[in-house]
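There are two complexes below, and they share chain A, which is joined by chain B in the first and by chain C in the second.
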Partner chain A sequence: MMRAAPSQEEVRRHNLGTLLRHIHLRGSASRAELAEGMGLNRSTIMALTSELTAAGVVREELPRDTPRRAGRPSLVVRPESTRVYVLAFDIGVDRLVAARVGLGGVILERREATRPRVPFDPDELVGALAAFTRQLVRRTDRDAVCVGAGAAFSGTVRRADGMIRYGPNLGAIDVSLGNALSRRLGLGLTVSIGNDANLGALAEHRRGIGAGCTDLIYLHGDVGIGGGIIVGGRLLDGVDGYGGEVGHMVVNPSGRRCACGSRGCLEAEIGEHALLANAGRTGAGRVGRDAVRAMVDAAARGDAAARDALHRAGDWLGLGVANLVNVFNPGMVIFGGTLRDIYLGSAAQVRSRLATSTLAAPRERVKLRTAELGDDTTLVGAAELAFSEVLDDPLEVLARLRTTAAGRLPDRSGSNA
Partner chain B sequence: MSVTPVLDLRGVGKSFGPVQVLHDVALSAYAGEVTALVGDNGAGKSTLVKCLGGILPMDSGDYLFEGRRVRVNSPREAAELGIEIVHQDLALCENLDIVQNMFLGREWRSGLVLDEPAMEELAARTLTGLSVRTIKSVRQPVSSLSGGQRQSVAIARAMLWDSKVVVLDEPTAALGLAQTQQVLEVVRRLADKGRAVVLISHNMNDVFAVADRICAMFLGSTVAQVRASDVTHAQVVELITSGRGADGPSGVPARMNGVGRARRGDEAGPG
Partner chain C sequence: MMRAAPSQEEVRRHNLGTLLRHIHLRGSASRAELAEGMGLNRSTIMALTSELTAAGVVREELPRDTPRRAGRPSLVVRPESTRVYVLAFDIGVDRLVAARVGLGGVILERREATRPRVPFDPDELVGALAAFTRQLVRRTDRDAVCVGAGAAFSGTVRRADGMIRYGPNLGAIDVSLGNALSRRLGLGLTVSIGNDANLGALAEHRRGIGAGCTDLIYLHGDVGIGGGIIVGGRLLDGVDGYGGEVGHMVVNPSGRRCACGSRGCLEAEIGEHALLANAGRTGAGRVGRDAVRAMVDAAARGDAAARDALHRAGDWLGLGVANLVNVFNPGMVIFGGTLRDIYLGSAAQVRSRLATSTLAAPRERVKLRTAELGDDTTLVGAAELAFSEVLDDPLEVLARLRTTAAGRLPDRSGSNA
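Moving on, here comes the complex of A and B:
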């Protein structure tokens, strides 16, 4: 589509967003570093930073940690992390997390609850998250402003409206979670929902082990297996947002029945149920991440059944990764959630499979890594999703919030938004 | 694209009296990579590490550091080149805290007094940089740390001193699962931050979890130096136990053969 050249106003908005994104992702920077990083001259940077400062999203101050240097240190631009924040939710099978995450990606405060394995009840879930939110928001400074909300959900989520289409391990089908949550929070904000593994990929790409890697695959183990694929720096999530479901890639056509109805999906072979069953470790209370860890631990201590189950899982995991390596030629494959433990415990099997089942060329440069953000990967991803709107157009979003219930930004003089 | 290894030992020989313990040993280690040094008990791994660390003199062979021929006649000379060895028994001082251990013998001063805040901050920043999250305070005495945390401190010390090569002799041998996993991740980060890491381990799973290259020794000789992504677990076990590739000559990737000699520049470097 042909477009007219962008107007000066569009350029300015774009630059404001780019500068804020830079500070948000890479932390404090001097004007000179920003000029260098964004390819703009210093007077433009100065104009942009003063606008963002006036809007209360960044501040300029002397650097704290250069005691030894001679000469006058230059000012650094810092994110206003405690004043500008988002709400991030992580809805896992066994765990609910809500957090206030400040600009720059700092987790300011969090609430967490374990979820019993009972049938999914959207009203209850929304109620629990709303209660957490009230506690989190109550404790903010008077001049803090919530600029977005995002949730990571373990299931397939429609991008357009945050509708949960399918979450087999939570037992959710066609739940309009995004709308329900937005209404219930009553902050005048739309809660964006994303698939947990897709958001995990985003988080590790922006803030974790995958920073600087443009092509990566994040594999997330919860009860099931999720995946998020980043190609050329962008999340590959398909027409409606359902892409990346590598857990339902069939690796063993005559294998175990999967909750999705298919047979021999990667998830059916190495998900929590299969792992624990193969190791003979089923029974009351033996569920969740702790049970998987206990099984990997038993394998390390020489429990033969646990070891065989773990090795078998490594073999299937290697086969799954081999397929992905051949198709996507990723620079990195990242194992998160329970897959971190499974990979570290069965790397010999995973990599042997890779050596025998991939083409040599696409395998050459792939790095296998564990998630750097640990248990917070999906939560951090939800926060990134929540920040996307304000980073796209900081002044517009802030101006809008200022006129709603959530807009608790002080009226600072000098703002020309 | 060919890359010069940071550390490159070739044709190393070493005898104790009449017993020749190392013959024609080769080991290359590259910046940004973990090279696993594997071999059965008595294969000569620790002897090789003592030679490269300047604790034992080599009888013969070439020692190249960043492409230059060097002589390393003492641990001090190794340290001056930027080679840190984390021995299995670690040599941390139990009664000192983490900061004191990390700066031992190389304390920062501000005038006559030690610059405690600066050392403290750098110690904490180094541990954070390696994603070590379980240590609560850098003022804890080392005696209060778990085995995995101690390993992490020893590795962080190597990191702090800007070493180019870090050699870890069986860092996970005495650890439980959670600590082992933590140390493996720290080892991987150390290489990802640009160090050349040499990891000695008997645990093939640990080797495959983090290694980019594998150097296999058998009865005092190097029998293969391979990229870890090109071999299977079974092939490496076969190399260690018999000194041969798994399925005989045809089953072994071509570049696994003839590696006692110099074969540099024939592999793509790290990405």
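Moving on, here comes the complex of A and C:
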């Protein structure tokens, strides 16, 4: 609660982090734009960019495609995306993705595998991700440096230590996946883990349709229904990191049993199982995002069973959204994963529920939108989680980058001297 | 998004505000405690306290009741509670309260009136509050200075201008109460208005059972059901200030019609009307907090109809709380207003619902508690709203206090020179 004004060292860390965050999120900026945006004079901006340039984090160059004008064009600061990167993992029910993501948010390279629907074996999972990592790291430039790692997991994750507390659709309980993955990668990096929908919210807030919106709700459809909520520009994660479990909000107290033990949760009513069962589309091979999307397509083509199931889902989805609008007064609700398709196929039902079940005041400015980053929301969010730590405290990474000779991966298991 | 490091002026404002906030919330602190808590050296603390002492905002004195020790005891800094005060108003359905609240949160004096249950006439309301204010201000010491004013209102309030957007139990829509009240008081002060449950949350977070808990939910029972939510230490108010309307979360889609037009809202199921009707306790004079409390008492004495209605309410209340626990992962849920009594009479039902309808992870550390500030939560919250502005920017108030000769109320309608 009590915090004194910052020291000189903190001021420098803050300014470097702010400048770097700006370059990371915008892709590029001129010194003049940075000076104006940060309220600092040009010589301070020059000192900051020089420090980042010397460490090889950004570069300054003439702008591309500038219209011919009088005078010398201002230099543009760009991220060194291929040199400074993070590892991002997306651990979904049906697929596993690993990627190298460069500063600036560029997905440089990716590996992807489908997963069979069996409860996951943590060792096997960690082994698969480590194998992907070896392939990704092997192909980097000699001077590239991995500065962090983040993973999105389809379940409930404890913030303090990355412990998986609940992942019914993956079958994991009380597994310390963060620690296991950090050890197995052997890169001297801590792998931060977050709930996939929370990270989807972060991604859409920073790089997607929600950019500039300080209060938004991201709803993610996969096998289950997840949620990520941005309040006042920050991810809501509660006292232990479990915040945002909107899929287990009860919308229908006399409804279907949910895997969590409760009844009538949003996930029980509109998750993949309920959706496909209501449409009579169960059976061998009919699982996953493709099956849900096939059902939405069938509804569009006039399949009555599919259409009725979809409209029913839209009604429950609308009720869930209405509750969230009353509670949060958000500026935007974003539908991602399979909820993107479900929302598009049942927008009339969603909007109708919203009209009847919210107060007029919180409803009047809320925008309903679909995720801009498509099926990469959660992966991009994992990368942002990894970058967050670098941007919050760039000094340590800058020191490492300066001393890392000719781009070998840092090995911090040895001496710190 | 982009913010440069603070200037010297901002540092001074920040440090003065931080020190003042500490004294305001704790009641008193020694210079040594302030130095340690703020991470500043003693000479800086001395300079800051001297500035506040000179303006008559705090005083330094020998500690009371200190055990005898070697050496001179450290001076203790205390708020000048009778000199520096705010006006706080609580505009409830059944009562109107006005109070002078001194720095440090001391209620110095109050006026209270009951209201008949008729739609309110804004002019009449503003007139009644202005009359209270004249009485309160007349009785202050000669050097006392009013530094702000805040009001709690039982309805939906737009942050930007204090416009009442919805107040079904008071009958107000689209009234600019903040402006009207500011003008009528004629003190040269802006009256900030907030939703009563939001302000109750603020009060319990700062001065009540929720002190030190960064993520909490306050549920307020009056005629309707309100909510105030603290996320990461800050009040959740959404894009326009309407956040926290948990009373209009639908818990029973096939339930009772709600005054808001929806069906099965928490308020429709457990608000005063439903509660008394379910217990068969309707009729002349059976309204208000007293009627609800009489019903809870009757249930405790074995009245079967009252007990059944109460337990049914506890079940719906538990479902609402369960949804909020899944969505927010709060450290505490606080029951205030009549919900304090309802919760105490149906805690078994609330806890039972919580056990069946939340995920284990967000449930394991949540505490269920009752409001510590009793029926004054909303009034205290209104005072905190008024003090917030002073604490966020103490420089302006300090300048006014220094120039206010012999304690007359400031008149800013004249020249600014």
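Simple rule for what comes next: the second predicted complex is superposed on the first by the 391 of 417 C-alpha atoms of A that agree within 3 Å, B and C clash if a C-alpha of one lies under 4 Å from a C-alpha of the other, contacts with A are read in each partner's own complex, and residues count from 1 in each chain.
Here is the rule we use: contacts are C-beta pairs under 8 Å (C-beta built on N, C-alpha and C of every residue); 3 or more make two chains touch, one makes a residue touch a chain.
Just so it is clear, the model here is predicted, and its values are computed rather than measured.
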Next on the checklist: Which partner chains sit in contact with A:Ser43 here, chain B, chain C, both or neither? Use first/second/both/neither.
Outcome noted: neither
Checklist entry - Touch check for A:Ala300: first (chain B), second (chain C), both, or neither? => result first
Item to check | Touching partner for A:Asp341 - first (chain B), second (chain C), both, neither | outcome: first
Next on the checklist: Under the stated touch criterion, which partner chain does A:Arg365 make contact with: chain B (first), chain C (second), both, or neither?
Outcome noted: both
Next on the checklist: With both complexes superposed on chain A, which partner does A:Gly331 reach: first (chain B), second (chain C), both or neither?
Outcome noted: both
Checklist entry - Who does A:Val350 touch here: chain B (first), chain C (second), both, or neither? => result first
Checklist entry - Hey, what residues of chain A end up touching chain B and chain C alike? => result 331, 356, 360, 365
Next on the checklist: Using the touch definition from the top, list the residues of chain B that touch chain A in their complex.
Outcome noted: 118, 121, 131, 133, 176-178, 180-181, 184-185, 188, 192, 204-210, 228-234, 268, 270-271
Item to check | In the complex with chain A, residue positions of chain C that touch it | outcome: 1-6, 11, 14-15, 18, 21-22, 25, 37-40, 156, 158, 165-166, 214-215, 227, 229, 231-234, 236-246, 248-254, 260-263, 319, 322-324, 326-331, 356-362, 365
Checklist outcome for this item: The answer for chain A against chain B in the complex is residues 65, 67, 209, 296-297, 300-301, 331, 340-341, 343-352, 354-356, 360, 363-367, 369-370, 372, 374
